[in-house]
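Next come two complexes, and both contain chain A; in the first it sits with chain B, in the second with chain C.
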Partner chain A sequence: MIVLEWLFLTIAPCDAAEPWQLGSQDAATPIMQGVMDLHHDIFFFLILILVFVSRILVRALWHFHYKKNPIPQRIVHGTTIEILRTIFPSIIPMFIAIPSFVLLYSMDEVVVDPAITIKAIGHQWYRTYEYSDYNSSDEESLTFDSYTIPEDDPELGQSRLLEVDNRVVVPAKTNLRIIVTPADVPHSWAVPSSGVKCDAVPGRSNQTSISVQREGVYYGQCSEIRGTNHASIVVEAVPRKDYGSRVSNQLIPQTNQTGEA
Partner chain B sequence: MTAVHKIGQASYRGPSIFKEIMYGLTAGLIAGGLWKRYHWNLQRRNKEFYDMLERGEISVVVEDE
Partner chain C sequence: MEEVHLQTAPADFRFPSTNQTRHCFTRYIEFHRCLAAKGEESGDCEKFAKYYRSLCPVEWIEKWNEQRENGTFPGGLFQLSLACAQVPEELKQGPTSGFMTRERESWHRI
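And then the complex of A and B:
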């Protein structure tokens, strides 16, 4: 048991990929929970078909082994079984399609009145985040850059090549709109535990909506390989009551630093 | 010896297709059912986690000392 636990059970210290991970990261949004539920529903059919086909194959090999059945039968048609093996496999995708379309259309629903809109701009090789809902005293929106912390520079406890210097701070349990666009080449803003992967295509702005259900730090990575310093994404969801103070205490100074730089 | 072998061969009628399909489906449904039990258990644990979070019994925020 101890060996099994050592092999298969790991406790994630944060919402990031674990070594030798097989399944998805823990869901932090309803969309990701829906994605995982759909995966589990489809996996049921996968196991059903795998076990069924494997058993039939093994039994066929057993029954028609040349020692047991030295004279092979010459079967060329079987109308009934051909009809059955066409109809039943075509019914299974219908059962899969129902939850799949439900999830797809719910993901596509545009949040009419999000509380916060954040613009994520991809660069080679960092990100710029813009909180357009807030303007500073000189009427400029809150903007800061987010660079991946280099490999030889992390502090104790930080994840290698996943941490950034300035995180995206969002309030938990709040509808957010994320607008993703690049400044140069195509990028992709992806956070697995939030179920988000939104491509940044030059010349257009893509929109995605999320609502993070629990506070925490969520790690993602750019999912469109763009060169050597492929950028990390870190989203920090804070309690709603702390969000205002975080914006004023942390993000505004970051904006000023970026402006000065 | 040869006659016995021929009698044995004559009595073997081969597998019943219907039975094999039914046994296969049953085995598949049992295996799929075990997977669904795991899925439902996971859903229940997730729901309990978020319910406890909502009620304030647990927290994912480390309070500042």
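And then the complex of A and C:
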């Protein structure tokens, strides 16, 4: 019970989807913050256009109703209005496109050297994570499997069909390289609060860089559901000073268990 | 528990895109070319081994190790062992150098 309290009172599992959620989940990385800012920027133009077009539409319906205006207007030209309605619609996409491309390329770019590499390998029935930065031979490797907790089995406080048995432990405020690849069919690796959705293509390894800015537990789901029990992705960001002990105390025994089974 | 020193394969400007498949493969080949040129005793090649272990899925490494034992590995490992003495300098010239062209050709055979 103490363990449960410690787990769920200190680390609130709030970075998961909730029922009837409309907005994004809270950002945990600068990229996700950028995604949300872009969304709001675009919405500014969207609402501007919506209001303006609705106004024209309603005014036209009101003033040119056949009862009010039985004789139709004969105007077919208006140079000023034609120039305006050509210029403005071509400027607005530019205001949307420039921040959009800036964000797109900043997502792609790896500016700083990553501190750790984690390989997220999708299987049809589970996920495998490899931490191989400290391997001294090809045979040895820090690998563990992560299964979705089945629907009838979650403990009190666990999120249904989101929680996994072994979470991915990462250090917070650290540049991470995630190598995403599947072992069988196409999958993906997506964590909404990190702003990451990376396809896993057989025979190819994709890289995505994240830097989680706050400690917490982040829930994501595979976006290529080919198989079962493999959809959930849970990233647990721990303070950097605790990372070493978490990895060496928790992951290595688990590796031995699954490795020998 | 003391804080672990975090270190991994650096970002490589030869492979700036999302697709890192060839980054991993190239590091694997570099390691074996380095071994062929310098021998196992010199500790210079270990860093390439660390890089490819960080970047490549274990399954791929196992497959390539097997292929090397059977002599069916598709990447050129030994033909250029002379050039290997200057591997890092050579590679700094980027994908246009002859070193990489040779490798690109062999890539198609996978």
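The definition used in the following text is that the second predicted complex is superposed on the first by the 237 of 261 C-alpha atoms of A that agree within 3 Å, B and C clash if a C-alpha of one lies under 4 Å from a C-alpha of the other, contacts with A are read in each partner's own complex, and residues count from 1 in each chain.
By definition in this document, a residue touches a chain if its C-beta (ideal position, glycine included) is under 8 Å from a C-beta of that chain, and two chains touch if they have at least 3 such contacts.
Treat the numbers as computed from the prediction; the structure is a model and nothing was measured.
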{"item": "First (chain B), second (chain C), both or neither touched by A:43", "value": "first"}
{"item": "Per-residue contact with chain A, leading partner among chain C and chain B", "value": "C"}
{"item": "First (chain B), second (chain C), both or neither touched by A:215", "value": "first"}
{"item": "First, second, both or neither for A:27, with chain B first and chain C second", "value": "first"}
{"item": "Touched partner set for A:239, first chain B, second chain C, both or neither", "value": "first"}
{"item": "First, second, both or neither for A:106, with chain B first and chain C second", "value": "neither"}
{"item": "Partner chain(s) touched by A:69 [first = chain B, second = chain C, both, neither]", "value": "first"}
{"item": "Touching residues on chain C, where the partner in the complex is chain A", "value": "1-4, 6-11, 16-21, 23-24, 50, 53-59, 61-62, 65"}
{"item": "Chain B residues touching chain A - in the complex, by the definition given at the top", "value": "12, 14-15, 17, 20-21, 23-25, 27-29, 31-32, 35-36, 39, 42-43, 46, 50, 53, 60-61"}
{"item": "Touching residues (chain side chain A, partner chain C) in the complex", "value": "108-110, 112-117, 119, 121, 130, 132-133, 135, 138, 141, 143, 171, 174, 177, 179, 181, 183, 198, 203-208, 240-241, 243-245, 247-249"}
{"item": "Residues of chain A defined as touching chain B within the complex", "value": "27, 33, 37, 40-41, 43-45, 47-53, 55-56, 59, 63, 68-69, 73, 81, 213-216, 239"}
